[in-house]
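As structure tokens, here come the structures.
There are two complexes below, and they share subunit A, which is joined by subunit B in the first and by subunit C in the second.
For the complex of A and B:
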């Protein structure tokens, strides 16, 4: 455990070493949040309800979603493909470290840094814009939000690792990752709450793993889901976690069979 | 005194020289772009995924706008097709400038590795070489369908006139002049402090605030986006011109500002070149 703690800490230190680049990366993210924030603020003045959301709920969704994405979607596992293609994976294979645990520990270090910056950014946004936010006080819903957020973190990790494993078979790994992030923007509910789309489309999306990364934790926080909906969400999310875990293990085994340490 | 007066033959020679230079740079641009394209197409799957990803990103945001404005009818006083025109105008400026100035993204490596010295010894302008030394064909692939969609969107606007379209194109060109000025400024910054990538990305993200009407943003952000960071001049002005609601004075002001920015950026580039230390070579 101490070993993985140290790996996470190293990742934090690495991010601190390049803090200007990191801060600018976060600043870019902030511009996107501002676009969505002001757009929703404009179309949803106080007292108006649109798509089942009032102003405080939608602004909470946008800003809360921005915070959650720094927990759930911050990752360093995009380095996996490079490690495989450069042959540097061999260094890791020779050490008494679990591959997935190593990368998860790195992710935790990166997430910690992203959360730190996210709190800083959102504090500034809050102090300047004074948004009308929805505060959840139900302890059960807060606990469920935390559980869904952690489950989303694990789901995202498996997705990201699987994309990195493409490196076993191809050097062209950035293209699939680029498409994945574009799909994620829509299907995870980063752009807008998914329940504003037509009902049939929403039903299809709700059986995919993506809504459980961001949309679902935020809906739970807003208290807009019934108990059966939460149970259904928990079942689908848990099932996808198991499926992705099995796929990841299998792809890892097959990948190692074709790994040639090319480049070393 | 004599040196100030050129004969007709000298004038012809001067024009001929300019034409030869132009041909030389066009040929150079074509050759370098061909090479960059060949390199890009080595990763065929990458090209397909990248292009598809860009189209997906574009369509998702468009879908969101159509859905949102379809429900609210108006956003900041603009109809659905007008809001789409804002989004398309932003995409036009973004894609064309990425296509033309892609070499700027590679400039930092030239400075850090010392390869910029090599460019300085060539009988070509280091500025033109650093700006246009290889355009990215991948950006061009998405441009043509975008132009088609833009023409369709313009045809859906009720208030559209030929003069409006003319000024729209004129102000779109003006937006590209502002982008040119910014990229020259970034090159100068790269020479002085090797900082290129972050400056470009911040400016691009700021420009992206213009993908929706600037009137949506509250003051003072809206004012800053119009006058300090000229997003309003780049995106809002062409759209307003197309809709026939932009005054002639505003058009003049837009060109004065872009001219001033271009002049300032060229001065900054010369200043940066004078202080280039060639430390990396």
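For the complex of A and C:
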């Protein structure tokens, strides 16, 4: 356990070492959040209800989603493809470290740094803009939000690792990752709550793993889901976690069979 | 001037040969560009599905703005953005030395060396959508020329802004993600300037040049233009371009070369 703690800490130190790059990355996020914030603030003035949301709920969704994405979607696993293509994966294979645990520990270090910055940014946004936010006080819903957020973190990790594994078969890995992030922006509800899409499309999306990354935790926080909906969400999200875990293990095994340590 | 045109035609040929050599990369880029374009249009369709107007723009105009953005950003990504992606690497690895000793303007060569043909798909999609939105409308030649002309000024503004900001890598060569930051702030131009003016004058002033680059050409085509909308973009474009040249020459004085 101490070993993985050290790996996470190294990741944090690395982010601190390249602090200007990291600050630029966060600033970029902040710009995007502010754009979405202003857009929704105008689309949904105070006192108006649109798509079943009032202004405080939608602003909470945007700002809360921004905070959650620094927990769920912060990752360093994009390095996996480069490590495979450069042959540097061999260094890791020779060490007594579990591959998935190693990358998850790195992700935790990165997530800690992102959460730290996210709290700082959102505090500034709050102090300057004084948004009208919705505060959830029901402890059960807060607990469920935390559970869904953690489950989303695991789901995202498997997705990201699988995209990295493309490196076993191809050097062109940025394209699939870019498309995945575009899909994510749309299907995870990063840009807008998913229930504003037409009902049949929403039903299809709810069986995919993407909504459980961001949309679902935020909906639970807002208290807009019924008990059967929460149970259904938990079942689908849990099923996808198992499916993705099995796929990840299998792809890893097959990938290792074709790995040639090219470049070493 | 003739020499530069000849050199650029040669660069276009070289980039086309490299496209044929890296076909998988091309296919990846085409798919990514299409997905990106599709989602940005779907998002705006959904966001405006229950509102007839936004920031003083009708729903039709807002969608038009998004399609125009697709055309302009497609042109920018085809001819410029890949060069900016190489910028920090060129400086960091000391490759700038070999560029500076060539008998050619360094800003010209750094800005136009690489061409990303895959991004032309965004231009095509944007033109098809704009034509669809304008179906049945009669456009005057002035409107069309004005739209094209203002697009060029918008492009010049965007180019100059990117060039000025990436020039900072001369001092901060490890700032490799500055281009990703620029990609994000360029998104600001997709929305009407009123959105920022409404809520914060500070933000509006900061984003001012960006908010002009798409809205001005779009207003031209929608026949909503006057001198007060055209002049700011033209003046901003020319001033920023002149400043980008001045700033680049100034920055080069601090270039220390590395690893060469």
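A few remarks follow.
Keep this in mind: the second predicted complex is superposed on the first by the 264 of 264 C-alpha atoms of A that agree within 3 Å, B and C clash if a C-alpha of one lies under 4 Å from a C-alpha of the other, contacts with A are read in each partner's own complex, and residues count from 1 in each chain.
Definition applied: a residue touches a chain if its C-beta (ideal position, glycine included) is under 8 Å from a C-beta of that chain, and two chains touch if they have at least 3 such contacts.
Predicted, not measured: the structure shown is a model, and the values here were computed from it.
Superposition of the two complexes onto subunit A shows a clash between subunit B and subunit C.
In the superposition on chain A, A:192 makes contact with both subunit B and subunit C. When the two structures are aligned on the shared chain, A:28 is found in touch with subunit B and with subunit C. In the superposition on chain A, contact of A:38 is made with both subunit B and subunit C. After overlaying the two complexes on the shared chain, residue contacts for A:143 are found with neither subunit B nor subunit C.
By the touch criterion defined above, A:246 lies against neither subunit B nor subunit C after alignment on the C-alpha atoms of chain A.
Of the two partner chains placed around the shared chain by superposition, subunit B and subunit C are both touched by A:179. In the overlay built on the shared chain, the residue A:18 is in contact with subunit C alone; subunit B does not reach it.
Counting contacts by the rule stated earlier, residues 20-21, 24, 27-28, 31-32, 34-35, 38-39, 41-43, 50-51, 170, 172, 174-176, 178-179, 182-183, 185-186, 191-192, 196-197 of subunit A appear in both its interface with subunit B and its interface with subunit C. Residues of subunit A touching subunit C in their complex: 18, 20-21, 24-25, 27-28, 31-32, 34-35, 38-39, 41-43, 50-51, 129, 170, 172, 174-176, 178-179, 182-183, 185-186, 191-192, 196-197. Interface residues of subunit C facing subunit A in the complex, by the touch rule stated above, are 24-25, 27-29, 31-32, 35-36, 39, 42-43, 46-47, 49-51, 54-55, 172, 174-178, 180-181, 184-185, 187-188, 191, 195-196, 198-199, 203. Of all residues in subunit A, only 20-21, 24, 27-28, 31-32, 34-35, 38-39, 41-43, 50-51, 170-172, 174-176, 178-179, 181-183, 185-186, 191-192, 196-197 touch subunit B in the complex they form. Interface residues of subunit B facing subunit A in the complex, by the touch rule stated above, are 43, 45-50, 52-54, 56-57, 60-61, 63-64, 67-68, 71-72, 75-76, 198, 201-202, 205-206, 208-209, 211-212, 216-218, 221.
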